[in-house]
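So that you can tell them apart, the chains are marked A, B, C and D in the order they are listed, and the count of residues begins at 1 in each.
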Amino acid sequence: MTGQIIGRLIESIAQLCLLLAIAPLVTGVIRALKARMQTRRGPGILQPYRDLYKLFRKGMVIPETASWIFVATPWIVFFSTVLAGLMIPMVAAEAPLGLFGGVLAVIYLLGLGRFFLALSGLDTGSSFGGLGSSREMTISALAEPAMMLAIFTVAIGAGSTSLTQIAGAAIGQNWRFLAPAQMFAFAALALVLIAETGRIPVDNPDTHLELTMIHEAMILEYSGPYLALVEWAASIKQLVLMTLLINCFWPIGLQPTWFGFGALQGIAWLLAKLLFLSCAIVLIETVNAKTRLFRVPELLAVAFTLGSLALISTFLF
Amino acid sequence: MLLIALLLIPVAASVASFFVRRREAMEVANVAGFGIVFLASVALAAQVLARGAVSLCNGFFYADALSALVILLTASVALVCSTYSIGYLRDDQQSGALGDDLTSVEQLALLRMYYSLTPLLVFSMLFMAMANNLGVMWAAMEATTLASIFLVTFYGKVTSIEAAWKYAIIGGVGLSMALFGTIVTYYAGHSLPGSDALSGLNWSVLAQHAAQLDKTSMRLAFVLILLGYGTKAGLAPMHTWKPDAYSEAPVPSAAILSSALLNCALYCLIRFYILTSRCLGPEYPGRLLLLFGLLSMGISVPFILVQQNYRRLLAYHTIDHAGIMTTALGLGGVLGSLGLMLHMAFHTIAKSLLFLCAGNVSQHFRTDLFSRIKGSVIGAMPLTGVVFLMAMLAIIGMPPFSLFQSEFLIVRAAFDGGHVLTGVLFVLFGTGVFAGALLHVGGMILGPKSDAPPAGPRPWRDGSLLALAVALVVIGFWIPAPLFELIRGAARVVSGQ
Amino acid sequence: MTPFLDMQIGDRIITLMAALVLVLQIAMVSQRWIVVHIRIFAAQSFFLAMIAATIAWFNHAPHIYIAAALTLVVKVILVPILFERLVERMEIHEEIEPIVNVPLSVLISGALTLVGYVVAESFYKPGEPGLGHNALAVAISLFLIGFFTMINRRKALTQVLALLSLENGLFLAAISLTYGMPLIVELGILFDVLVAAMVLGILVYRIRETFESMDVSRLRRLRG
Amino acid sequence: MIAELFLSGIIVWLMGAMASLALWREPAAARRVACGAALAGSLLDLTASAAAIFSASPIAISLPFGNPVFTWAVRLDPLSAYFNLTLAALAAVVSLYSFGYLKEMEGRRNLGAFGFFYNLLLLSLALVFTASNAFFFLVAWEVMALSSFCLISFEHEKEKTRNAGVLFLIMSHAGTGLLLIAFLMLTTASGSLDFSSFHLLASRMPPLEQGAIFLLFLFGFGVKAGIVPLHIWLPEAHPVSPSNVSALMSGIVIKTGIYGMARVFFDFYGTPPIWMGTVVLGLGVASALLGVLYALMEHDLKRLLAWHSIENIGIILMGFGAALMFRALGQANLATLALIAALYHTFNHAMFKGLLFLGAGSVVQATHTRNMEKMGGLIRRMPVTALCFLLGAVAISGLPPLNGFVSEWLTYQALLAGFGTTQSLTRLMFPIAGSLLALTAALAAACFVKAFAIPFLALPRSNEAADAHEASPTMQAGMAALAVGCVTLGLGATLFVRVFDPITQQALGVSTSSALVMAHGLALSPGTIHGGTISTAGMALLFLIAGAAFALPLARRWRRRSVTGPVWDCGLPGLTADNEYTATAFSKPLRMIFSALYRPRREIQAEYEVSPHYPSAIRFESKIELTFEKRLYGPLRERIMALANRMKGIQAGSINVYLAYIFITLILLLLFVVRG
């Protein structure tokens, strides 16, 4: 009993460190790869760490119109994202906080963060913030059904919404993702991921043009440590979603448990898979242009269709 | 003895108010007379409850629970209306509604006419309710028409004469059909022993030997009776006189016509229904009654939906309820007849109350049209407004008011009897009427206060209003055991079990 | 003379007079002048009284004599006089213009007579003393034609007349079917008829006063 | 004992009604008496029903009213008791709130009448939930409708209010008509009016009747519950009534429809055919989606909340539908899960919707407008209200760790498990419904970002908003109580689910709370073979720890380094409220994306002084079209009225025609007699 708890505790701390550590790395890698693809030199892959470090040491400006919501939001976003991160299997199939919630909880925790981020966007009274919040909430709402369908497909396969169960069911059958249902679901979830993490063609993470930006517009008024928190949370969220994607559909190298040398092997696999996925994302980002906001629904409609195809094909095959 | 008293007192009141000179005297004569009549009717009800059917002058007068109930209802309505009409007519006299160019003498003549005709009307209704001989019953019914015609023309307006004419002619035709029916019934019974005696037309006698009556004649007779007394009850398509007469007559008379007189017409129908169903079985009369009942309910719906005159609205409500009670009669059986009798009692209270409220409104706002009422009734006269709304909700079958109970019983009877279509139509029409009534009356009563001066005190009218209102509310929660027994007794008379 | 023979004669006489009554009714339908209208009504009522008397004679039913006498007094004398007075006082001259034109209405009344016979047939039982069912047919026809006349008339007064002739039908039915109702009932009914005639007369008068015309088809203010 | 408690609650309400009516001349006294009695009665009822849920046998009481034909009988079985509990919990708080809320009206309005109808409403609600025969149920049902009508049209001098009240009463009465027919069909079959005689009766009837009764009940109760397309009265009636009444209306009155359905579906029906469940599930999805979509376009704060009531009713119906389908498929455990989800959400909705309406009430009272565009910045002037409203918003958006999340999660679990229960194509309905539920929840979140941010955050948009003041203490207390309720129902889920055991036992013969609770009450599981788990308490705990350990100290440290400055205003000097994002602007993307449904119309009027590039004033107006009102009910009404007007020709005034009617009838009947 107590042993279990302590075990969970260790796992949680380990995964927590992993999350906090490699989240900026992933962002950095993606940026670097992108630069390379665009034949720019670009920043080094460690740039995000430098940014965070710098921001944390800076002072900050709080808008005079802002209320306590503005101050509370970064914390809520950060904590809820991290908490979501502890509920997914990264290295081992056993999610450290699996007991506290499955995939639904993950989605809704991210939702909680988004909710407050949108509030803070409107809190300052700047029209950019409102613009960002409005677009963010719209897109995420439209992304929701597709995501849910994809997740249902996966969950139905495992007969559970517990990620531990899902991943556990995936272990061993490494090529399961070739099944049509899995592929459709994967595609759907990938599209959703792009929308959720604010990547081209839905949003452009590294621009500050009010016509194009969504996420950046919401957090336009943040500065210093709070900006650092929000950015960090964003990268963690991206990591979480990517991990979710790869470990649910492509469980190669997923260890049954955290303990023993397997863990290192698991981490290695994880990094490899993340790298692969990042490349894919970079590819997509480079070959596509950002679409108009009112084209985004079409993209998500495609995702929804893929999701339902996935369902139907589980139903057929 | 009671019966004789019940008949003589109204006549006395009528004669008295015909000869006295002062208005107060007439008022006293009326109120006192109807007061005594009411007490007598209560006594009669008690007697009937105690000793069953009362009969007098070797069966010329005959009063069972059914008659007792009708008499009781008539008497109570008459009493309330008499107290109400004191305030009402005084107001008319002051406001010159009787006719602007009338001298005080002429006005007094009008009042005299009113105060002496009303007791006559009541007299003929009571007489009809206790006459055993069907022919006499018919004669009394005709007398009610004759007595009420000049109440309709009371205001002497162009429209009121028109209304009176339609009332008289249609009523006359209807009653002649009823008479034809009565004759045929007599013929149907002429093979019975002692038929050529006076008692040959006695309901009690015919009811005993109903089985031996000539079948074909009874078929014809019932059709004629249905059309005839149906005209008086205002069943579609013989209902056309009703809105006109009710909207033109002075409000108290309209109240009496629409509640008490309706009961009387239904009473006649019931008597013949009993004979016919005992002779031919309940299906034949039942189906015809259902047909006319549903038709009346259905016809009243569109007119209520698009009505602009609230007194005509009430008139169409009466048509609707005549239909409801006819349907109940057609359904028959224990439930149906109990529902019918309960509904008769409840409807009498609610409908007369509604007319009295309408009277207050039309006297204060000087119009019968919804559109002309500026501001809200409830702002101008709170009591009337509240009571009006309450009574309207009651009449459209809203619980906790009592009419819901009777209508519930009737619909249940319909379903139990397998008349699913009837039940469904009943509910459908009920909803239609509900919508129409609520749209109009809700809009009239609720609303902003108008800047018009609020109405002054009206002790007589509001007193009568309150009395009825209290009765209406109380009866929804608790019916005095004797009254319920009386109603149940009447229902037994109808269902024969 | 055996009662059987009497019976037949009685039947003949009654049928004959009933036929006359019917003819008069149809004549009323086709009639244009109010005064003549009233007179025809009087004649019709007279024949009714005669029928009543005959029935009373052949069936030895004394109380029918009273009914006959009352009919004579009320319908042949009082009511016509009352109405002719009314006509004079209101100096009505314009003739009746029916809603349906005369030939058609005569045809219709023929058809109604047919209906009357059809209905009466269902009452005919061979077993019974013949006296009656012919008369019943006539009675029903009278009733229906009278009714039709009411629909067909514009003038208030003529409507009242039609109503009364319709009641004549009832009277015929009463005496021929059942050899008269119990006396008191007859009295009550006749009294009612009398009062009704008076009341309607007064109404007619007031209509005339307020509308400067007796045309009831103009009474169309109350609608909906 | 329980019976006495319940009866005393009833009596207290009755007394309160009478007393406040009697005191209508002294507003202050009337207000105190009315609210006091309501509060006391609710507390009594609360204890009674709480005890009744777990009492071994249902408590039957017969009230001393009615007449020999009809008995006024009530019975407290677990289901009734549960809904009574919901009622009492909400009513107590709302009554507390009303102490302060009604003070504003003193002298201006007849508080005596208000108190009368308010107590009458509570009374009739309690009786609706407990009535044990068809007749008495309908009586209570209509009394409830009537008192709601009087409370809705309390401010009847406004025409909008009058129309809303009348529309409500008419539709509700039409629904009652359907119920009447359905009940009487059952009565004819059972020969008695008593509910106990209907138990499982409907399933024994021939299929056609069974279906007819089902549909009659569904739509009869659906009108009151406000399911699409019978919802049109709801967004009209709820906003116009006083806010404490709106809280009751949305919180509990529409739940009477849910209660009725629960009673019918799980008491009168044994194992219904599967199409019934499908219909209910479909209606649920439609109501949820349309409700939230229309809410998004709404800028009247209370109307927005009213639309959300439709949405949540839809979510509840999804649970019912799933439960019915599972029953048809013979999956008692899953049926239990779905039923629990639905009932749980019922209670939750009562809590957070009550909270939101009370919050809206305070806001409206402070700003004298219901239009969000005229509010703003209230979080500074009304901090308590703002906090409570925020909690309510989080809860209704189904975000963890509050109660809305728990019940929606249970619904997901039920729908998810449904896929495996059958091989037929119907199984596809479950995940589709699930994904649409996700869409609904996400849209709701978007909507409540708007509903909280626009009124409470940034700069005030009007003078009223600028000098708004915090609500009175009792009002704050009321809102706080409900907020606490939302939190506890969220964190204490594992404790609360035990309440459902008696109900599911009674309805489905299964009690699963032991299977639902895991890890010593720390986590909640759907009770399916290896379903996932959640632990709202755990999440909250972690949040607290993290907050205490990092957030607070760091925030304090960083504040020293922080300065306040103006918002970035693109260089144009001075950010004013005009620069702020409006509610209309916020919902614009969705308005464009779903324009097929909304059919938006926009009008722009600009006044120019110098050149067309520099307008001096712009007036922008955007309207959407309410499809059902415009396409379904409007034409229907016009048709009926046109028909009625045509039928008026019958009464054309000509006496000859009138006589002709009678004549023709006579001839026809004569021929009928001769022939027959």
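General observations
Just so it is clear, a residue touches a chain if its C-beta (ideal position, glycine included) is under 8 Å from a C-beta of that chain, and two chains touch if they have at least 3 such contacts.
Just so you know, these numbers come straight off a predicted model, no measurement behind them.
If you compare A-D with C-D, the chain pair joined by more contacting C-beta pairs is A-D. Computed from the mean C-alpha positions, the centre of chain A lies at a distance of 35 Å from the centre of chain D.
Chain A and chain B have CA centres that are 79 Å apart. Averaged C-alpha coordinates put the centre of chain C at 70 Å from the centre of chain D. The centroid of the Cα atoms in chain B and the matching centroid in chain D are 44 Å apart.
Contact of a single residue of chain D with at least two other chains is seen at positions 648, 651, 655, 659, 662, 666, 670, 673.
Shown for chain A are the residues that touch two or more other chains, of which there are none. Looking at chain C, residues 119, 122, 147, 150, 216, 219, 221-222, 224 sit in touch with two or more other chains. Contact between chains, using the touch rule, shows up for A-D, B-C, B-D, C-D.
Listed in rising order, the residues of chain B touching chain C in the complex are 133, 135-136, 138-139, 142-143, 146, 149-150, 153, 158-159, 161-166, 168-169, 172-173, 176, 179-180, 183-184, 186-187, 190, 196-198, 200-201, 216-217, 220, 243-244, 247-248, 303, 306-309, 312. Of all residues in chain C, those touching chain B in their complex are 119, 122-123, 143, 147, 150, 156, 159, 163, 166-167, 169-170, 173-174, 177-179, 181-185, 188-189, 191-192, 195-196, 199-200, 203, 206-207, 210-211, 216, 219, 221-222, 224.
By the touch criterion stated above, chain D contacts chain A in their complex at residues 377, 379-380, 394, 397-400, 405, 409, 412-413, 416, 419-420, 425, 427-428, 431-432, 434-439, 441-443, 445-446, 448-449, 452-454, 457-459, 518-519, 522-523, 528-535, 538-539, 542-543, 546-547, 550-551, 554-555, 558, 561-569, 575, 577, 579-581, 585-590, 592-593. Residues 99, 115, 118-119, 121-122, 144, 147-148, 150-154, 216-217, 219-224 of chain C are the ones touching chain D in the complex.
Listed in rising order, the residues of chain D touching chain B in the complex are 65-70, 135, 138-139, 142-143, 146, 153, 156-157, 159, 162, 165-166, 169-170, 173-174, 177-178, 180-181, 184-185, 187-188, 640-641, 643-645, 647-648, 650-651, 655, 658-659, 661-662, 665-666, 669-670, 672-673, 676.
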